[in-house]
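You will see chain A twice below: alongside chain B first, and alongside chain C after that.
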Partner chain A sequence: MAVAGETVAAPAPPRTRLLGAERVNLVYWALVLVPLVVLVVFYIYPLSRVLLISVTEPRLGFGNYVRIVESTGVRRVIWTTTWICLVTSTLSLVLGYLLAYAILHMRSGWQTWMMVGVLLSFWVSILIRAFAWITLLQTRGLVNNFLLDAGLISQPLALIRNELGVIIGMVHYMVPYAALPLLASMRSIDARLVPAARGLGARPLQGFLYVYLPLSLPGIIAASILVLIFSLGFFVTPALLGGGRVIMLAEYIALQVNETLAWGLGTALASSMLITVFLMLVVLARAVSFRRLFGAA
Partner chain B sequence: MHHPPERPSAAQAATPTATGHSLSVRGATKLYDGVAALDNVSLEIRRGSFLTLLGPSGSGKTTLLMTIAGFTRPDSGRLLVDDRDVTDLEPEKRNFGMVFQGYALFPHLTVARNVAFPLRIRGRSRSEIRERVQWALDLVQLGHLAGRYPRQLSGGQQQRVALARALVFEPEVLLLDEPLSALDKTLRADLQWELKDLHRRLGMTFIYVTHDQEEALSMSDEIVIIRNGRVVQKGAPLELYELPQTRFVAGFLGKSNFLSGTVRRDPAGRAMLTAGSVSIHLPDGPSHEGDKVLLAVRPEKIAVAARPPADGRNAVRGALVDWNYYGSTTHCRLDTAFGLFHAQFGTWGSQIDLARGRDMWLVWPKEAGVVVVDDG
Partner chain C sequence: MQKQHLQTFAEDCAALLREVTDGRPVNRRAFMTACGLLGVSAGLFRVTPVHAAGREIVLVNWGGDAVTAMAEAFAQTYMADNPDAEVIVDGAGPSSGAIRNMVESGRITWDVADRNIPASLELGRLDLLEEVDYSIVDRDKVRPEHAGQWGIGNYIFSNVLAWDTEAFPERAPQSWADFWNVEEFPGRRTLRRHIDGQLEAALMADGVAPEDIYPIDVDRALDKIRQIKEHTIFWGSGAESQQIFRDREAVMGNLFNTRASVIRRETGGVIDFTFTEGIVWPGAWIVMKNNPAGAAVWHFIASTQEPERQVKLFELLGNGPINPEASALVPEELRALDPGSPENYARQIPADGEWYAEHSADVLNRYFEAIS
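Right after this comes the complex of A and B.
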């Protein structure tokens, strides 16, 4: 009763405040509209065109999507892409985890230099990196020459123009992308928890498995989805290091659009990929709220 | 509340077991960048006793506790549990329970699973784990919160979970690093009673770190005072409080007034401390005429009076600087020939008129003073 009375007695907000609120509203809508327009013009319109073409070229219907499922050629490309992406993501994740863990447990002087090392790699273009790997890994490249000279092998190893080369190039590119979200998630882990686990009887490995690993799980999920999404779209690296023998989805789509002019199939593939990525992002969003769940302790 | 049927192991665990172990630290030394965090520390800890490490910040309490726990390797020295050398044993093999400062609960596990952790690690059976967790949570009166996550608990509840987790596997020794320091005063007082009660019921050996001197006095069987990585004095609370050996101990554990002067004899041959024109009777004990001497007197053993005593008790004249009223007690500061003096008396029944600048007498029997070594 008393509470209700108080509510009634509360003075109405002064009018000037209301005017101020209206002005704020205007700014709010301006700030929302501008990016909205940009988004519509540069993303949503082209994207809807892509979707549209995929169901109208060469004729109306889902024929292109049926072809994706039925054509053995397309299926092989999807399979190659999936396989390479899974291997790349797994390797990048493991290496990224080790890297992040190492950085975090270094003395602070070393920490800075290792972070610089990781960040520097973002500045080197993917094209240059692919060529660098070619010089290193080709038949008469640095690696093979060294191994031949050292007498460890008698024939040069086939390190590029195959899946191995593509995976090496992609993993090299992806490791920092895996390491950064992991680093962020590991940083939020209380450094006393593993010692606490050991004080309670856990061996070092148990402390890692039962305490550290589960606490870094949100980072692992975020990193793996990020890396997986990134690696799905790789174009330059497979094209150069695969030497035309390892065709991944992005290159195949480009082929459909630029060479065979099969726009319908190309856009259908692109749309399918988009939907797949979108579904992964939904999972990622859940993982992030996961992190909040843990971080609040 | 729902009570599960008593099972044999639960019943057995709930009875006082006196399973504590004795511990001995022999000459532990630990250097950090050439500076000794522990300097030849030796301790004997009786089985089942409640031992407190007390010292100012940075004195090496945590280092000593971590050395005992096995997280810090001493540069030299040995650690023995019941005459078994455990110096080179990994922390997880020592079977000590540990409550870290800030609790270090696992945020991804519920209260029950936090408490179950040490048992799961030890591969105990599912039913045993359930029983023991129930026992430990009941012990700290948190059975109803078993399903919560640590972040959903108050500070005091988290502290009790940490305690339950450290107790559940019946460790040989329980190590506690300032477990109550983050709590407010009332809660801290409650948990002090609870901890003491737990210690009595379980009979484990407790090693407790604090820099709260009242906490140390009220809870311990034995207090070890540490300063600059060295053990300054150890003993029962009463002994340490009544008979501090050094100026540091007298000033750190409780408050003390210090009087320095030279030993002289009065006509009756009794030892006096003399400084300028003032002379004070020293407590009985060996003393040599002409020696420099430092006397410590507790504020609560000093009476404040308007007139000098007629019965030959020690008396020092001073002007009242100011006073603080604390409810049950009142603290005065007086300016004397020995510097600023603190006196404390029970407020109830006190007859003294306090007024700033007023000349008063500080009176105490000679037995109230303790001669201490001046260690700066």
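Right after this comes the complex of A and C.
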């Protein structure tokens, strides 16, 4: 009350100024406050609870984090997750690059249709996609039957229920996530530069390698970190396409929370994952501006 | 992240429902029905709907056909006897994590859950369950090993050996030793992605006599499973195990008897199964600590012990009656499918709930490591 009274009692000159820049500032802060409160209530608070459980269960200390490092079982899950995420990210990046490059260099009519194709895939749920891959790739699935009938193979190929199946499913999901930031980054490359290099005597491949590729590098870094971060959290795809033997972090955490009730270990793993992702985002922010990454600039 | 993606719409609807009903007297049954329609658990709300107390009892099970079957066999019959009572069947899945979360938060919406005896011991010792009130529930209507401190047997199910008769026209596999014999019985296998009934099978395949299975030699069992893991698909849900056989992805499997019965019927016997060397489990009712319906839940549980209702559940779902008296009431033509019939029970190994309560968490992690 006292503070409010002072403001009202303040001399006239500041009040007139308040109608200008400071009033705009106030509205600005009020607008920021709403999402800020939502963030604190729905994200920061629950996350801090998760962090807290990881250092208090079963007893106070960093025992759960020590267990992550020491347990061969946990290390194996982390290794599987890292390996699959790296392969998935690399493949998604290569395919996404080709896709983005192709879209950019199409006639504009085609460009629209290809964009529609990429965006449409966002609407198909990950569960449906996993089941679709099972139908296509299983032992008596469409692909194996076709190859057998065509005489190209004599034994059905093991395309799913192994690491290959998980990678196929994940790459399929991640390619658009790689292609869109790459597309945003490629759009900002001056289209006259490669022809200029060609004019100065560069061969097509040289023009690409020495001019285009370096210029698209920020897009590549952004896309690869984005894809890597998304890949870390995969749950449904490995469970359905991995034949039960490809166990990634998200599923292992779910096991600890739902089944073994080792909430301390589960939350320690979740927190470690979160910190890893956060560090990746810090690196990402240094490599490229977020506004450009999402096409705002 | 992915799982949340799937849930977004339903959760959004649920949030809307919560907004609409908040602060107003809402009938708990209507609330649960709405939740059921949205495919979300009322437990998500972490609120106790107004008028929750009283004569309403919420039974939670694992969803699918079990919701309608338990509603018909247990809920409707109980409501017919007690017109002022309401029993709601919720298929949200009473995982240990969900139960712990609900009880510890103090916002309890479930009364009774469909789990098993080992889980009742594990959760009971964590002080998450009410002790069974044997002044209301009849201990003599089940075998002695099925009347626990925190759980009372509700039906019987088994892990059985199923196989594709077309893959083995000359000689059918008849034991877990045959299951592990990939030379004479070539082809892909499927095991459950969980230790229950899988470790026992591995030990029997390795020559351990049925009476010496417990306490389980975990190293030996896991070594045995490692031997065939390259030939094995590990199924996560009962539906998945069924689908693996429908698609002919595996020639042999360790499945629930309920799923094996359905596949045998569906395929006209092309996929067959045997109770020999099966591992037989007691499903059990467990009651949340400080459940909203209070002691009324025990009257409901006692009613599910009636032989006719046990047989009804068996006919609808394939879960065998746990009340030995009920086995005699099973229609002649279905008797061969009843895991609890005297003949079938004698051919199987009863699972040791105490061993599981003690070791499940630790061994489950080791199993995951062994198969990955």
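Here, the second predicted complex is superposed on the first by the 263 of 297 C-alpha atoms of A that agree within 3 Å, B and C clash if a C-alpha of one lies under 4 Å from a C-alpha of the other, contacts with A are read in each partner's own complex, and residues count from 1 in each chain.
Here, contacts are C-beta pairs under 8 Å (C-beta built on N, C-alpha and C of every residue); 3 or more make two chains touch, one makes a residue touch a chain.
Since the model is a prediction, treat every value here as computed from it, not as a measurement.
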{"item": "Chain A as common anchor, with chain B and chain C clashing or fitting", "value": "fit"}
{"item": "Touching partner for A:Pro195 - first (chain B), second (chain C), both, neither", "value": "first"}
{"item": "Which superposed partner A:Pro214 touches (first chain B, second chain C, both, neither)", "value": "first"}
{"item": "Chain B versus chain C as contact partner of A:Gln206, first or second or both or neither", "value": "first"}
{"item": "First (chain B), second (chain C), both or neither touched by A:Gly63", "value": "neither"}
{"item": "First (chain B), second (chain C), both or neither touched by A:Val246", "value": "second"}
{"item": "Most chain A residues touched (candidates chain B, chain C)", "value": "C"}
{"item": "First (chain B), second (chain C), both or neither touched by A:Pro156", "value": "neither"}
{"item": "Distance of closest approach, chain C and chain B, by C-alpha atoms in Å", "value": "37"}
{"item": "Where chain A meets both chain C and chain B, residue numbers", "value": "none"}
{"item": "Complex interface listing, chain A residues touching chain C", "value": "72-73, 76-77, 80, 125-127, 134, 138-140, 161, 230, 233-237, 239, 243-247, 250, 252, 255, 257-263"}
{"item": "Touching residues (chain side chain C, partner chain A) in the complex", "value": "1-3, 5-6, 95-98, 100, 122, 126, 188, 193, 229, 232-236, 247-249, 360-362, 364-366, 368-369, 371-372"}
{"item": "In the complex, chain B residues that touch chain A", "value": "69, 71, 90-92, 95-98, 100, 102, 104-108, 117-118, 120-122, 149-151, 165-166, 169, 175"}
{"item": "Chain A to chain B touching residues, read off their complex", "value": "190, 192-193, 195-203, 206, 210-211, 214-215, 294, 296-297"}
